[in-house]
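The structure under discussion appears below in the form of structure tokens.
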Amino acid sequence: MSKFVSLHEAISANVNDGDTVALEGFTHLIPMAAGHEIIRQRKRDLTAVRLTPDLIYDQLIGAGCVKKLIFSWGGNPGVGSLHRFRDAYQNGWPRKISIEEHTHAGLTNRYVAGASGMPFAVLRGYFGSDLMENTENIATIDSPFDEQKILAVAAINPDVTIIHAQQADRKGNVMAWGITGSSKEAVFAAKRVVVTVEEHVESFTPKFNSIIIPEALISHIAVVPRGAWPSYASGYYERDNDAYIAWDDIAKERESFSQWLEQEIYAKSSDALQGSGA
Amino acid sequence: MSKFVSLHEAISANVNDGDTVALEGFTHLIPMAAGHEIIRQRKRDLTAVRLTPDLIYDQLIGAGCVKKLIFSWGGNPGVGSLHRFRDAYQNGWPRKISIEEHTHAGLTNRYVAGASGMPFAVLRGYFGSDLMENTENIATIDSPFDEQKILAVAAINPDVTIIHAQQADRKGNVMAWGITGSSKEAVFAAKRVVVTVEEHVESFTPKFNSIIIPEALISHIAVVPRGAWPSYASGYYERDNDAYIAWDDIAKERESFSQWLEQEIYAKSSDALQGSGA
Amino acid sequence: MAISEINRAGSSSEPEKSPWNSNEMMTIAAARTLRDGMICFVGIGIPSTAAILAKATHAPNLFLIYESGTVNTNPQKLPLSIGDGELANHALSVVGMPEIFNYWLQPGRIDMGFLGAAQIDRFANINTTFIGESYESPKVRLPGAGGATEIAGACKDVIIIIKQTTRTFVPKIDFITSLGFGDGPGSREKNNLIGNGPKYVITDLGILEPDVSSKELVLTSLHPGVSVEQVLANTGWDLKVAKDLKESAAPTPAELERVRALVATSSRKKS
Amino acid sequence: MAISEINRAGSSSEPEKSPWNSNEMMTIAAARTLRDGMICFVGIGIPSTAAILAKATHAPNLFLIYESGTVNTNPQKLPLSIGDGELANHALSVVGMPEIFNYWLQPGRIDMGFLGAAQIDRFANINTTFIGESYESPKVRLPGAGGATEIAGACKDVIIIIKQTTRTFVPKIDFITSLGFGDGPGSREKNNLIGNGPKYVITDLGILEPDVSSKELVLTSLHPGVSVEQVLANTGWDLKVAKDLKESAAPTPAELERVRALVATSSRKKS
């Protein structure tokens, strides 16, 4: 029953061409190394879901892995645009991608509905926004108890959700602490779950503001120290703001991006880069 | 801005005749002392909401405070029936009460809807049960995205929610740890919130499996050591199972109950009994 | 029907004295249905005893969830209440009830749920709400649904544990708190339920299972020392008996020892 | 209209050199609108600086929530990202985003929300989605809604912070990401929004507030050194000016010192 595998195996066993994948983590604990491995394994036609498709999805999109992006805020936080996303969406390079655009509240509730095994969740959202006319998977419904109009968002159930966390214990339970965003819901909503962790510990020292993902929900775990870099892992390392700024230059031109892709992703093996589980 | 008041003041300032009140806490951290103070202040015509109306609501009902009970499991856990509830519901002593009966999933989601400021929440619940025909505030709705029938429960927004917790800090934030049931949602759903606590501390030592209720949500706090007795407060005292068993005899007859009411509630002042905040 | 009348005329006397009591037999029979690694939604009483017994014997990785919010708990003593400190202190984590009901139970993540009942009918529909003529004027008011309705609806499989008498095994239950198979095949689907429904009804006399096609309960196993006649005499309808009726294996000394040790940990006993 | 044409013909030159820059003035003006004890939903950049400044000066009990899940946080440095460790480490608690959006924001629990925008119109509707002719083929694709749509909908009051130019203050925005007052009175109600809508639009030139009855933005305060003509020249519609137009108080040395100290903590600056 070993759930602990190499990053290579975790991705190859769980991510298939055409899958709907959610790599979650909000600013904190973004599973960057797992994203790189998806690129390295040249997965194609993914529907990529994520509240904030920052660097991680700019890279996946630029590498041609993504056919559709489902998101609620797309930018390089504090820096600017996602050039690879814009190039794909506006110019079709390296391939045309479609988008389905939500609000944070809406996409979070799509995960909530998925986690709950419901066809939809309800919120008071999107109202007044032109997103109402441009976004799939939302609908207005009437309250059965009063005169209110309410917004329903369809459940999203990713084929695989991938998150990064600080620790896995001996049995394969995972603990993440600090900001976890909508990760818990994305995990509960998924058919398969991959977790990369900073550290494999014998047992947890319980942490305040932590969430526990029981091993029963997890398909595979890969130990990938610094697997969230250049985002951060509270208790392990800080956010590398310079890397976010540097990305702007790398991603601006197809050539510099392609060079990055070649040198930093394809030329490296996942094991050499991030270490492997055991 | 002192939120710290005596139990007497916390109840008199927040519980009015005719209010909808929710005293939550699931087996653990049941605000028993607050319930006693409501009896002592002879509040009337309350709509009393609680998943498990165990001893605490048997006492409120027997004392004539309640006109309607909204609940999902009514019994003395591990012991038997709630005699005062049955006597009121079936015989109208000391007054007739009406009931609105849910499932745990349903009533929890009524709190969730209330906490969310929504008119309703959705679940896959009640289906197949005769509760469907006997319970108010539920309705079947169609999914706007597929063919599924879904159950909607109306929001509940208590006029006041009362919970017991282990600690309040200097600023009036509250921390409860261990089993908290649906307390967080009952608090978020309420117009006013009263918390009784075991202890007033300078600052919290964060605990695993804890919830924090920020002071901004709280109307008043009373320091009431052993305020959950005979239920328990993790880290402070254990559940007094004998008291639950003893209740069966006390509650069985109107006379023994009336005697208990006189001696244990009316004859005692809240301050003498539970100590007061400062 | 004539046969059932005759059957029902049979004696309802106690099984002859055996070295175990009927609670122990029910507990052990329930424990044996659990496979290692299952996610179980557990209640207080025999379900807890059975689950802890299974975890201590053949299913060490049984994953126990209680509606109070304790996830993957590993109680060392028998919990007395659904929110016992014992459950919280030995849990992987403790979460709020919305997470338990909405994220764990509702999506069908639970392999096996346990239910008790005051009444059960031939389609394993159960009543824990009231006994009597009407909801408004019950003869006996019971605690109600609690988690049962959605446990019955959403768990992949359900075990019902109930003592078998003509008062509990009735032709028509007074109130359907939780649906078993409704009025037969297709009822669960019509009622939007995603779980498979009751898999075993474990009583003090034997084990009943729903017929694959009719969904009606069939006696499939007798506990040692119990006769078919006894079972039929304690059933309020013409209970079908499986052609390949089995006898439940007697409790092993190891099982009995564990169960008794567990029950002895219950501080409830001291009163 | 003739008047506005004339106004727009006015110079768009920079205000004369003042001892503060326009970001500092915007920050300080925003901070001053916050009252002690308010619950504020804060974003990165000027909103954070303003909120931390207010907390350090006149509103020590300001209750700050960030969409990333940090509740009642008290950052000592300027956070660079919405999920900065600084925010988590100094928070009363950190919760999941469903709790932030469903339990905190949606019910109208937030007193004041902050928004930025790429475009704004006379009814304070704002666009953060794209610039151009069509959603499918934008000229410039912007990040999108994030939390903005529901912040605009549900907070009791909203502050919009935006630099004032004819590119940002436009007659018609290309996409309504978040509703201000729609097309005037009644629009918010028609759209099921529970909050009051934008209360202040704070720019580098002054402060605009919605007219009580028409809901159209009116210039109510000029920052020191700014003329009405400048403001009109930097607004893409015939902006109304309040009869009792005020001048914003100049930043005090203490305010400026605090803001600069805060901005200096930003490690973003080192790059």
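Each chain gets a letter, A, B, C and D, in the order it is written, and its residues are counted from 1.
By definition in this document, a residue touches a chain if its C-beta (ideal position, glycine included) is under 8 Å from a C-beta of that chain, and two chains touch if they have at least 3 such contacts.
Just so it is clear, the structure is predicted and the values come from calculations on it, not from any experiment.
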Looking only at C-beta pairs in contact, point me to the busier pair out of A-D and A-C.
A-D
Averaged over CA atoms, how far is the centre of chain A from the centre of chain D? Could you give it in whole Å?
29
Could you put a whole-Å number on the gap between the CA centroids of chain C and chain D?
59
Geometric centre distance via CA averages, chain B-chain A, whole Å
40
Got the chain A residues that touch at least 2 other chains?
116-118, 123-124, 148, 150, 185, 209
Multi-chain contact sites of chain C, meaning residues that touch two or more partners:
93, 102, 106, 154, 194
Touching pairs of chains, which are they?
A-B, A-C, A-D, B-C, B-D
Chain B touches which residues of chain C in the complex?
44-45, 67-70, 80-85, 87-89, 91, 93-94, 96-98, 101-102, 105-106, 129, 135, 137-138, 141-150, 152-154, 175-179, 182, 187-188, 191-194, 267-268, 271
Please output the residues of chain B touching chain A within their complex, sorted ascending.
116-124, 137, 139, 141, 143-146, 148, 150, 152, 154-155, 206-210
In the complex with chain C, residue positions of chain B that touch it
26-28, 51-52, 71-75, 77-78, 81, 85-86, 89-90, 101-105, 108-109, 111-112, 123-131, 134, 148-150, 178-185, 209, 211, 232, 234, 238-239, 241-242, 245
Any idea which chain C residues touch chain A in the complex?
39, 63, 71-72, 92-93, 102-103, 106-109, 154, 194
Using the touch rule from the top, collect the residues of chain A that touch chain C in their complex.
115-118, 173, 185, 188, 212, 214, 216
